[in-house]
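You will see two complexes here that share subunit A, one where it goes with subunit B and one where it goes with subunit C.
So, the complex of A and B:
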């Protein structure tokens, strides 16, 4: 499933605000661990923010092996 | 607790535990703020025995191998007990590995049965290697209704009426095959006996006892040696309770401490650091007056607990901090990777001792552990009872390779006599870790002799295992080293992997090449990625069979290049 542009855009906006990174520095294929300078625990924290934003529940395993925004958006899109 | 000397196998000890404390709670499973499962020892028995009977009817018996791939949850322990009840050998695999890696280790372990969580099974069935699997029966937990299980059975339906036959095992029989690491080139399957586990459990619980009413929070993966012992075997043979969380988001972990009044928890250094950061942040938010008062209390607690922890005193002096952890926390266990002494000291000063230890899958959950008499942040403690440690070839500072002998040392590496012979020499397991004993018999660690790193998350990463990601990289040759192996730092910090490149004649290191490296690096899980690269000016020395002579190469690199030459990725 291809993530809608809007979902991807919302994720990028949210990540930028939450981790205080200029939005223009984030792109959909970025490795968010690297771009945001976060570890796996902080990535889980991001997942919680995304759950609240999209009003869905995302099991931790949805983040397993995912390190770019586009794939993350696809996982979220599948649950919307 | 049960007297483990009278048992020859884990199955028998666990079976007696279920009868000894029928009304005590043994398992709680929560998902976010919802409690999903709460089982007494008697309930546990009721759920596990029909599974054991179904395994029996499916032909599973003594010595047969069953793998488990699941996140931490009650079904993990129930399944493991059913396997032990039938005299089986458990192969606990890391759920964080990829599907291809799971299939590789399933094949290597020759597991006939697999008990697996649905989302992991789904990934396994989609893997190109799936068609070659040799599993005879697969049980899948929590599969959605109507899901295609590719021939597997639903765990929840896989049960039969009637008493299963209990198959006892001898102490020298194999209990588990645990992969310490290595999925790329050479899987390292540690064959651990019933005695290994019974003896580990005995010595650990002697130092940190469990009892009915203790609530252990299970966060580390249960396939990992530490959680398997202190999040399953240890609590069960003492009538204690294990709390599982289906999500490890920091906020739910923090809530769980309070909701379940956690007594013990085992953590990897990364989570410990995260807790420290959180607490320090909260301290900073206090008003100047309150902060001053808090630091006075911490100083007072520190002076009163200099010789040994005094739980009651600390809880009174620093009640607010202790309430954050539920008010019943007695100690946190950590190990598997380097922990900053300042972090250990931070928690100890708050009256929450961190029992820092040293262990490895091959030789026991814990070989040394801080006994807190008194607390030491700069060591990994003294050897546990029954564990003999020796420093091989010590240098002028007394630092040499740590070797271990004792009843907790594994039997061998599965199907790898060569590696076994290199690792266990005259009954002593050489660990590859550098250490020395201080005047008080405490072990201090100083880095690694072997080419590997241990991440803050407690994962062993062998460079050779991830080199294939760079296959076809447009350079003459390449290999990966652990930086601390190339340049021994006599320190366990600053661990990273370095990609060593030998360029073609007249080839230049271009941006395009860098991008290619970065892109390939991203295919690796974050904890396995290389941190930097290094361009080397000569051909790699190789054996007649074209294997890289790593020792020789490392020696030459040391001569011509320093750590500063590494370019970070």
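So, the complex of A and C:
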């Protein structure tokens, strides 16, 4: 598995566990706001969990307009 | 009074520790109600000095510690007044909150902010007046004021400058980005990062430890270590009030106030 696929997989697993959504229902192109049923506050929570998980800093403005898991994974991968 | 339960906050003195709990949904926004109760709290705080050695400030609201000023109320109230009265109203609000925060900052008690979740704007500023910040690892800190065309108005800049290197202060203020608890600990603001849901327990354990020390020594040490930047705090109020009257700020506040998002200040 490539590093970026691994990153995407870890994001999907983390989101599934934390937001209690079956992992098989999540795909890379999903709008995570819709699929996870989260608001902007919960998105902030997700950001913090991802930063803690990957040991990175991800400035909020890098996520502006990002709503799918694949792009989120790309942003994270760029900081690993 | 050794305890109080209000609409926005409550406090209690127990075993030498005063606990101030914020409990106004959605995220302890500081409007006129919270301000009135905070003013009552600092009036009572004087009476605790003989019996208490520590103060813990924490939130009972799940979303976080405090999202800062109640900007919807501020906008609504300023719209109800003419420009001159609105300017006076904002200055009066800031003067009052500064009196509260300066009193907590200067308190002879050792003060601890136990924070989790959203710790934004005025909420961050409330934490900054405390001697120690203990953060849940899911806490998030931010000064989003520049997005509205404002600067922090509750003493944030002078207190950040007191505690941090200027480059970090510029990063926080000029980018408006949020920092997680680990980052805020790395830069030196947070004393301990703890597991989710553990901040209050650790703050209580810390407060119990502080009770073993001689109070007079602790008070002398605090006075020496933590000077209050009164002159810059005054200057901050002036700059905030000047910025507040610009049309761009009114437009930003209107957009914020009319947003249906529960947390429109979030990125």
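The working rule: the second predicted complex is superposed on the first by the 77 of 80 C-alpha atoms of A that agree within 3 Å, B and C clash if a C-alpha of one lies under 4 Å from a C-alpha of the other, contacts with A are read in each partner's own complex, and residues count from 1 in each chain.
Here is the rule we go by: a residue touches a chain if its C-beta (ideal position, glycine included) is under 8 Å from a C-beta of that chain, and two chains touch if they have at least 3 such contacts.
Since this is a predicted model, take the numbers as computed values, not measurements.
> First (subunit B), second (subunit C), both or neither: which does A:18 touch?
It touches nothing on subunit B or subunit C.
> Which holds for A:41: it touches subunit B only (first), subunit C only (second), both, or neither?
both
> Once chain A of both complexes is superposed, is A:53 in touch with subunit B (first), subunit C (second), both, or neither?
Touch status of A:53: no partner.
> Check whether A:63 is in contact with subunit B, with subunit C, with both or with neither, and answer first, second, both or neither.
In the superposition, A:63 touches subunit C alone.
> Which subunit A residues are contacted by subunit C in one complex and by subunit B in the other?
39-41, 44-45, 48, 57, 59-61, 64
> Can you check the complex and tell me which residues of subunit A touch subunit B?
31, 33, 39-41, 44-45, 47-48, 57, 59-61, 64-65, 67-68
> Considering only the defined contacts, which subunit B positions touch subunit A in the complex?
32, 71, 96, 98, 119-120, 246-251, 270-271, 274, 456-457, 522, 525-527
> For a test of understanding, state which residues of subunit C touch subunit A in their complex under the given definition.
Contact set of subunit C toward subunit A: 63, 117-118, 137-138, 140, 142, 175-180, 182-183, 261-264, 266-267.
> Report the residues of subunit A in contact with subunit C in the complex, numbered from low to high.
39-41, 43-45, 48-49, 51-52, 57, 59-61, 63-64
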